[in-house]
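Multiple structures follow.
In what comes next, chain A is part of two complexes: it sits with chain B in the first one and with chain C in the second one.
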Partner chain A sequence: MSRYLIQRLIFAIPVLIGVSIAVFLMMHLIPGDPALALLRGQPTVTQEDIDRVRAQMGLDKPLPVQYLTYMGNVLHGDLGESVKAHRPVATMIGEQVIPTLQLTIAAMVVAITIGFVLGTISAIWQGTWIDSLATVVSLFGVSMPSFWLGLLLIYVFSLRLGWFPVTGSGGWKLLVLPAIALGADFAAIVARLVRASLIEVLRQEYILTARAKGLRETTVIFRHALRNALMSVITIIGLQIGTLLGGAVVIETVFARQGIGNLAITGILSKDFPLVQGIVLLGAIVYVVINLLVDVSYAFLDPRIQVG
Partner chain B sequence: MNANSSPSTALIGGTQVTSHQPVTAAARSEFAKTVRKLARNRGAIAGMLFLVAIVLVAVFANTIAPFDPLKQQYRDVLLSPSRTHLFGTDQFGRDVFSRVVVGSRQSLAVAALAIAIAASIGITLGLVGGFAGGWLDMTIQRLIDIQLAFPGVLFALAIVAVLGPGLRNAMIAVGLSLVPSYARLVRGAVLSTKELAYIDAARVLGAKDSRIVLRHILPNILAPIVVLGTVSVAWAILIGSSLSFLGLGAQLPSPEWGLDLASGRDYLREAWWMSTFPGLAIMLTVISVNLLGEGLREVLDPRLRAR
Partner chain C sequence: MGLGVGNPPPTATLWARSSGVCCLFSDVGSCQGVNAVTSQDALVLDFAEGRIDRREFALGAFALGLSAATVASLIATPRAARAQSTPASSPAVAATPRTFGTPGGTLVFGAWQTPDTMDPHKTGLAATGRILANVFDPLVWRFPDGDTYYPGLATSWDISADGLQYTFHLRTDVTFHNGEPFNAAAVKYTFDRLNDPASGTLETAPKGFNRVEVVDDHTATVVFDTAYAPFLTLIAAGSWRIVEPKYAAENAEGMSLTPPGTGPFIVTEYVAGSHVTLVKNQAYNWAPEAYFGHQGPPLLDGIDWRIVAEAATRASTLESGEINLIEEIPPAQFESLSGNDAITIYEQPTLGCPRSVQLNCTLAPTDDKLVRQAMNYAVDKTIITDVIFKGTVKPAWGPLEKLTPGYNPDVETLYPFDPDKAKSLLDQAGWTMDGDVRKKDGQELSALFIVVANDNFDEAAQVIQSQFSDVGIKLELTSEAEPTVFNTYNGGKQNLANIFWWGADPESLFSLYHSSQIKSGFNWSHYTNAEVDSLLEQGYIESDQEKRMDLYKQAQMLIMDDAALLPVWGKMQSMAGQKSVTGWLYTMNVYPLHYTTTLS
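Showing the complex of A and B:
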């Protein structure tokens, strides 16, 4: 087990270094002089301005030196300064972490709950019209653009029925619609997985044994069958967190919510490169770390996993 | 599994009519069998018919659209759907039906070009890495690992941040973010095909590496590529329209589904039709692609068929 953990950790380090190099190079891949790009919008740009910005950004030094300086700063929690807001990028991101985290977690809870209910229902009534209906619902789930689903939810539940506020203060009520819009796609995937693994498990002999013992059907499903379905869902959670984090960018825009996604879009549209760079770097690091944690927890849950 | 009886060979046998290889009667009948099997899948057929319809709409958009999608009519602002304006009008009095019809061009173009970019780069990387092995394969694999560390649309966003917003750059961003799926799929398929006896036979006969890869390996792994190609169209349309929705893809005033949905967002209370019809267009297209993709997978994927 510890060898597996160490291997997994060692694998993550070169990926993280590669990610940092890629994000560092982003700045240099921008067509034209990055110093000029930062000065764009200023009425008059003199050579002096350009030299000043270049020196400020360390662009006059060789690339490897620039990278090491950049990494040194990052490791000290310094992600540079926003060229628009003139504030530290790390602080700006820090302020927006909580709302995005709330949205992502809420979406995951919604997705797993709906997915399990839908998947269990179709597995139990496999081959009936209920199963077909659930299949159609999950097809819509994966095919519907999240931003349109978001707008439909706002239209029906906020504007028409008035059940949930669109914006402003409302606590958890503000989180419901965005969480559904963000989690729908994941819910559909969970539903398919749960259905497939339940159907597989229900054919096993120990289920027959459980039934033969005279256990009630609900006990058989909840105590014996669903547990196994849980394992297959855990494996895809790591991957899906990435999709959710990315999807949060879109959903935050739809619902005009505060958050890192909103910050990223503002950054891209206003050409605030240090800000975008910081968000992209953090996003990738968080994703790699979460996947590491998921793999590790999976190894703890499933004793069959060995160093492989 | 016997490679010669696999459905992929059959498909190739049927489509590769122009090559010097004579198409055998057996291969042709295998292809016909594949088509017949696909025809029995009602979902796949419905999806395919709808996609053909959408492509036709895109091709003849200017003839089908009753109004100029860019023409502003201040007398007809925010009209609800009627006989004249099937899908209503927007805040500038433009005909929403015409915009959805003409907008299909940009949405489909993004998907088509993105897939072309992803497939050409991804398949090349997968073939080269899988066939050559060694340090070259290692390097490609590590680069892909790094790209996959950027979750979901974050990679596409980073590309747009570097290149700047715009339809062309959105296509490139979506295309590049799909490269890893192609590269990994092709590499895996090459690795499992490379050791088969007929490849050894070709080598013994003195075939060059490039010939072995292009004439013997690629045709035999086309089936999974076709399935991935179909499924990734759905992803490309969703991500492409998301980028436009965020203001990073197609730019105003040109009609594009994602972009028009974004304009509809500001008029949700007054004009539900502004966002509903572009949204329906995206969803129906994606559903069709998914249905067709699932049908193709069932017919072409030997692993699924064996079950």
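Showing the complex of A and C:
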């Protein structure tokens, strides 16, 4: 088990190095001189200005030197300074982590709750109109673009009904609509998954045994069936976290929330390369780590799995 | 750029461009909605019966290849239909004495874009400038509705006869938000900071700047090597904001978040992507009462400046009452908001150079003045202003926006929409009709328009293409993104380039039409005219403002006679608010000043 864990960790290192090179090269692959791009808008740009900015940005050194300097800084937690905000990128990202985590976790709670309820109902009443209705609802959730759902939720629950504010300081109330908008897609996936595995489990002989023992149907479903149907859902949750983080970019913009996604958009629109680099690098690390955790959890749940 | 309005000139516009405009009117749709329309008859029927609106109709018509003139005649429907969405006149016109609403309360403002940094010298972004206009006072005030200068942080000022020395006599009772006194040392520190490359500011000291001399504690003289006549106007437009020396020197992080200014509101918190909190400066007692009609602390207790990037969300939160006042209303929201009785829409014209197409004077076929003039006669701008933008903008006729000081109204009659005149000029230039396109020596009359991507110009470019085609000019449209498109423009591969500019002084013309600005500036017309060059150079030196404006008026006529550009429409700055919210005024570069804003 520990040998497997160590091997997975070692495999993650080249991936991270590759990602860091890609992120680093991002700034050099875009057409045009980054220094000139930064200076654009000054009424007169002289060659001295360009040289000064290039030196400030370290662009006058050979590429490998620049990369090693960059990585050295990154390993010390220094992601550089934003060229627009003039503040450390690591600080700026740090400030936005909590709101995005709140949104992501709230969306997962929404998704899992709705997903399990819908999935269980579908499985229990499999083949009836209730099942069909739940299927339609899930399809709706998967097909609806999140930004559209977000605007719809704002229109109905904020503008028309006035139940939830969209901006400002409203505590948990501010989290409800964005969490639903972000979690809807995931809820639908969970619902389908729960339905399928529950139907599968309900066909097992030990369920028959449980029923034969005269246990109440609720006990059979919740104590025996659902617990075993959970396994497949847990692994998908890990994989979906990355998708949720990506979706946060859209949802944070629609709901005017602060967060990593909003910061990324700002960085991209203002061509703040150090900031975008930092966010992309962080996103890649989160993705790699989550994948690692999912792999490890497989091994943990199923001892038969070994490194192939 | 969503309408990002850049700070005034020195650092101006690029950020403005890239950020501001893309969002402005971002909801203007594509033509896909009319794909189903298969014939002109069906289209006209749809329009007549109200199934599609004027814009969809016009786009559909263009898709069908109808001529611009045909479309114009087909949609000449009563303007009354549009009257209901015509914005109220802006409250900017300050007729003192003014009356105010009830003081108190916190204004909740919905901003379309997050500020980059609060450090006034390290930003060129309008999103930041609009906040800082309420946080930092200028040495001298001036407003867009007149040419009077009012005392600000300086009670009076003297300009030496040669225009090289500006001596400011400063107020003695002003303190920064952190309690430090405002004095001549602060003025000197500010200009030194801007002039020192090591301080990493984006804004630079004014052109020709030499030094600041501290005459005494409350007298400072700004010394120039060469005269710089736009100085006072640009100060009023928010350039070179005076910062607190000790704080700026010791607290870089603080400068980028909550810099202390001298204005009516204090920034107490700035959370990127979320909000900026402004509170009333109780000590504020140095407003130019002659203009504002008010003295003392601001009427509002504070401003909750929320960043709401998505236009539909801004509109919803305004309608639900969660937000009092929003900015940047795209046409899509414009229609729905104008139907709401509780809400007023404000359209404020801006300063600088209008949304224009610069015509390359050195690349065939636009190197021929007759061709460029023909292009100016060939375009019916009302199709763009009334159909694409639903009447929310107005046609532009010259290289400057109407509100800019020194604007020459004579340009307005130079190039009316006159396709026949366009055709005869082209005939005169030797381009004769051959099928659908004009030809000369077997060569087609074809021009290349490289449009700035995501710059809200695509539909206008299509209209121009269609109208050019009516007079026999073939226009090829391609698109390229910022910032590389600017290098392309400087290189001169294009016949047509689209541009606009924010600036409170007519000196903006220098950046766009002086021959020194071809290779690295914004003279994408590649325009060289010794007379214009000379007028624009004198414009920096002439100290008599009336004579100075005359120079720019002459330059505008020469530039238009050479048809170095095709002006299209004037930029607008839109806001919408609850009816009860009133009282704001505008800075010289039309940023709202909330000093006298009230909620009821």
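By our rule, the second predicted complex is superposed on the first by the 300 of 308 C-alpha atoms of A that agree within 3 Å, B and C clash if a C-alpha of one lies under 4 Å from a C-alpha of the other, contacts with A are read in each partner's own complex, and residues count from 1 in each chain.
The rule we apply is simple: a contact is a pair of C-beta atoms (placed from the backbone, for glycine too) under 8 Å apart; a residue touches a chain by one contact, two chains touch by 3 or more.
Since we're looking at a predicted model, the values are computed, not measured.
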Mind checking chain B and chain C on superposed chain A, clash or fit?
-> clash
Partner chain(s) touched by A:Ala196 [first = chain B, second = chain C, both, neither] = neither
Kindly classify A:Gln96 by the partners it touches after superposition: chain B alone (first), chain C alone (second), both, or neither?
-> second
Based on the superposed arrangement, let me know which partner A:Val137 touches: chain B (first), chain C (second), both, or neither?
-> neither
Please indicate which partner A:Leu5 is in contact with in the superposed arrangement: first for chain B, second for chain C, both, or neither.
-> neither
State whether A:Thr253 touches chain B only (first), chain C only (second), both chains, or neither.
-> both
A:Ile124 contacts which: chain B (first), chain C (second), both, neither?
-> neither
Quick one: classify A:Pro165 as touching chain B (first), chain C (second), both or neither.
-> second
Touching partner for A:Thr266 - first (chain B), second (chain C), both, neither | second
For A:Tyr155, select first, second, both or neither according to whether it touches chain B, chain C, the two together, or no partner.
-> both
When the two complexes are fitted on chain A, the stretch of chain B hitting chain C, from 61-69, 169-177, 277-285 or 295-303 = 61-69
Common interface residues of chain A with chain B and chain C?
-> 31, 151, 154-155, 159, 253-254, 265, 269
In their shared complex, at which residues does chain B touch chain A?
-> 142-143, 145-147, 149-154, 157-158, 160-165, 234, 238, 241-242, 245-248, 258, 261-262, 264-265, 268-269, 272, 275-276, 278-279, 282-283, 286-287, 290-291
The answer for chain C against chain A in the complex is residues 6, 9-19, 22, 108, 110, 114, 116-117, 119, 122-125, 197, 200, 204, 207, 252-253, 256-257, 271-275, 304, 306-310, 312-313, 316-317, 319-320, 322-323, 483-484, 486-487, 510-511, 520-521
Residue ranges of chain A in contact with chain B within the complex | 14-16, 18-19, 22-23, 26, 29-31, 139-140, 142-148, 151-152, 154-155, 159, 241-247, 249-250, 253-254, 264-265, 267-269, 273, 276, 280, 283-284, 287-288
Would you pull the chain A residues touching chain C in the complex into a rising list?
-> 31-32, 36-37, 40-45, 52, 56, 84-87, 92, 95-96, 99, 151, 154-155, 158-159, 162, 165-168, 252-259, 262-263, 265-266, 269-272
